[in-house]
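Attaching a single structure in structure tokens format; questions to follow.
Going in written order, the chains are labelled A, B and C, and every chain counts its residues from 1.
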Amino acid sequence: MIEVRDLRLRYFRKPVLKGVSFTMEKGQITCLAGLNGAGKSTVLKAIMGLVPLDGGSIRIDGTETALHLAGNRRDLNRFRVQHVSYIPDRLAMPPSMKLWEALRFMDDFYPGIWNGGKAKEMMTFFGLGERERIANLSKGNAAKFNLVLGLALDTPYVLMDEPFSGIDLFSREAIAEVFSNSWLEDRGVLITTHEIQEVEHLIDKMVMLKDGVVAMAFDSEEMRLAENKSIIDVMREVYRP
Amino acid sequence: MKALLKLIHFEIHRFRYILFGLMGLTALVQIGATVLIAIGDRMERLAEYANPEVVPGPVSVLEPLANNRGLYGFPVLICIVTLLLYVFLIWYREWFGKSTLIYRLLMLPMPRRNVYLAKLAALLVFIGSLLALQLVLLLVIRAVFNAIVPDEYLVAASLADMINTNEVFQILLPLSLEFFVLFYGMGITCVLVLFTAVLLERGRRPRGTFLAAAYAAGMTVLLVGTIVARAASLHEWLHLYAYEFTWILAGIWVIAAAFAVWLGFRALNRTVSV
Amino acid sequence: MKRYLLSILLAAAALVGIGSYCVYGAMNPYPDFRMVVREGDENLLDGAIFGGTLVREYGSWKYGRYYAEVTTEGTEYEFERSLFKKRNRHPLEAELAPDAHAFLRGKRHHAVNFYLDDRMIVYGELDTRQAGELEREVTAMLEMMDLATGKRTDIRTVLEAGTRERSPYLADVQRFGDELHLFIEMENQYRVYVLTFEGRLVRKVDVQLPLGPEEEGTHRRVWLASNHRPHAAKGVVGIQVMTYGRKTAQPTSPMPADIYGDEAANFVIDTNGDALSRVDLYVYDYAEERIRPVGTLHAEDALEAGRSISNQMTDTHHHLVWHDSNQLRIKQISLSDGSVRTSGWTADQLGGSIGYVTLHDGKVYVLAVDGNGYEKHFAVNIFDLDSSAMVGKAGIEPTIVTVGDVSETLYLHGLVFR
């Protein structure tokens, strides 16, 4: 379980996160929702230690990993990377690299975590050619390759930041398929997205950010059974002024 | 350890074209200049030889070196400026540009200080290999010159004398081991301070910019201050002998370097933001 | 592994290049000269530093001039001077026990301001402060250390409350019994201030030179004699009164003959264009607290009429030394009876034209250079001033180093003692 408690962050003088708390479990797909600028991306980056917080705690399987609390721990970075794979909204690889070189990079630097076999499977599934150069990839293909780089790491948790944003329809469908097959089995997934429709049926838990705090967090199944509301219904209630 | 070496290779590899460019430029300009001057010299001497009244004097490779200091020094200065720029760019390129590689570097399963160390090591390899190249070039220049100019006018020149022809060489390749360690120690300390300043600046705005500016200003005052103090013979006022004062000032630089590394690691672990 | 070839090669090149350079650089490719005492006592060259320039000559083309300092230990070139090693040794360190060396820290002035005997060491400085519109207050600041106990005492005493003098000069510090005597040049005359160890000013002695008016056509200059051991205990201070008359010969360039060539003897004249005609020697006697005349000598020839005169007073005699490239002459005045004795040597006797003369510790060191062109042999002849006897000879080894067409020659400019 990843437990996020009371995250606080101010950007210049403006508070972005004012005490965000929620949890995500292994084997579940949790969605972090919010209007533009609500801080969803920031929460993901904070969990990954890419953005320092003003306050709060982040526990991954019981171990504290917030930068300001545990930053001195010697193998903190390795621990975090071994447990969580973060897929940002852009490809973080040198554009001059070819795809096979990028795969080799991952293999080089993530021994024991990188699963080359799974990577090959995904490449075939997405139809990506290894000899292609990253700079020449279309937006859709870049997003797909980004997923390969992130999901081929055998980590119990996966964070995905806007995996569908700006992608063409067919690529979106291909990406959505990823959620139903074995590559995400038994893993805890935290996803932020605007395109709720694509994955509404897959989401197990919903966390809604509003005004820098968690306005609502609920199990989607329970919500449907108890109040007969779909996720989108709830979102309308929360975000309509 | 292996991971660190791989990362060092990664840093070296992505700079290779620029490095080769710098090496090529230096070799081309220095060897080319020597060839042209030597040929010109040879022609002159052969012409003089034909005239029995004129006895041409001896010449060594020191002559073109001493008379064309700017020409030989120019490519070296280009290298220095490029490397100086890269002290900043080696970090800033990870944030700006299409790839924002900083995400990838901060998420490698190794202590984050390895990223700092790898960039430092790569920079040292660049500097070292360019220095080695310059040494080799001096030998090549001498050989080329000696091959072109007719033997009867030729006089040997030692490497030490060749270095002493040009102030740029004198600073880069000082003839005393002590000055070598001193200059390069100071240079590396400056690189460390700059690295740390960049990492501080890359913390969350606005604190990052402010911290970096304060740190850079403070370190500049301190380090430049030691130079000024030594030049102004402050030791007399302190009742110290000059050499004792030098040891103390050197100690300050060492502490500054250690502090820079510590602060840089800390920034990388705690305050750096993508 | 093949992937990493580039990095491995570059790193190896860097290491090998720098490594071999450091090793090579550490091996000084320039010759190591050293001064050696060929005859006489080994410590005649203690603290001696010969400044010189190493010139490499390629055929007729001189290239590469490097300033070097040569001592009995070896040569230090300008580019290898270490910032981390102790350089200037205080001249008194040789005479002080190591735990007393700390007393020498931070003392700006050298030997003249010190007094050293087997009981104590004293250091003095004068401080001037504005005391009125045109007037100044002169304070003596003395530091004393008892050599047996190491106990230090500081004294601050106002010597003059209001004087026109802007820069008084402390010429000598002496101790007699429990009194300290400070010989000071102030307001164009000499004065001795006597202080107790507690810093109380006991008396002032005005030192008046018994000089009549200047003769027509002459003018006078008064110089204090320099002492062979300025810090030592002594009973007198030497005062030279030099009388200059109208010039009697052609003025020529005031440059001293140097060791590169042999110029005809010429003599330099006092700044007014006058030649030295007479030297009267007086001493101030600390015990009697008055001036005593000692003796007089007259300039006998062109050499003595001007030219750079060096002087040094020992415990028994006062010496005046003249030289040009062809000869060295010493005249000594006995302090006891004022008698004058002359001695001298020619260039031939000294083994070469005379280049540089240094007086140190009661001895005169004469640098003679034989030859021109590329052959330069140096000889240093050392004479005792009092006895005029030769006490030693020194030289430099090796003299010239020739490698192929390149010869490396060390041109010595002069000798100092540190």
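A few remarks follow.
Note that in this section contacts are C-beta pairs under 8 Å (C-beta built on N, C-alpha and C of every residue); 3 or more make two chains touch, one makes a residue touch a chain.
From a predicted model like this one, the values you see are computed outputs, not experimental measurements.
The central chain here, found by comparing per-chain C-alpha centres with the mean of all protein C-alpha atoms, is B.
Of all chains, the one whose Cα centroid sits at the greatest distance from that of subunit C is A. A count of C-beta contacts for the chain pairs B-C and A-B puts B-C on top.
Averaged C-alpha coordinates give centres for subunit A and subunit C that are 82 Å from one another. Taking each chain's centre as the average of its CA atoms, subunit A and subunit B sit 43 Å apart. Across the assembly, subunit A contributes no residue in contact with two or more other chains.
Taken residue by residue, subunit C touches two or more other chains at no position, since every residue touches fewer.
Residue ranges of subunit A in contact with subunit B, taken from their complex: 11-12, 45, 48-52, 67-68, 71-72, 74-78, 80-82, 86, 88, 90-95, 105, 108-110, 113, 134-135. Those residues of subunit B whose C-beta lies close enough to touch subunit A in the complex are 3, 6-7, 10, 14, 98-104, 106-112, 203-206, 266, 269-274.
On subunit B, the positions that touch subunit C within their shared complex are 5, 8-9, 12-13, 16, 19, 57-60, 62, 66, 124-129, 131-133, 135-136, 155-161, 164, 170, 173-180, 182, 236, 239-243, 246-247, 250. Across the complex, subunit C meets subunit B through its residues 3-4, 6-7, 10-11, 13-18, 21-22, 24-26, 28-30, 56, 58-61, 63-64, 66, 79-80, 82-87, 105-106, 108, 403-406.
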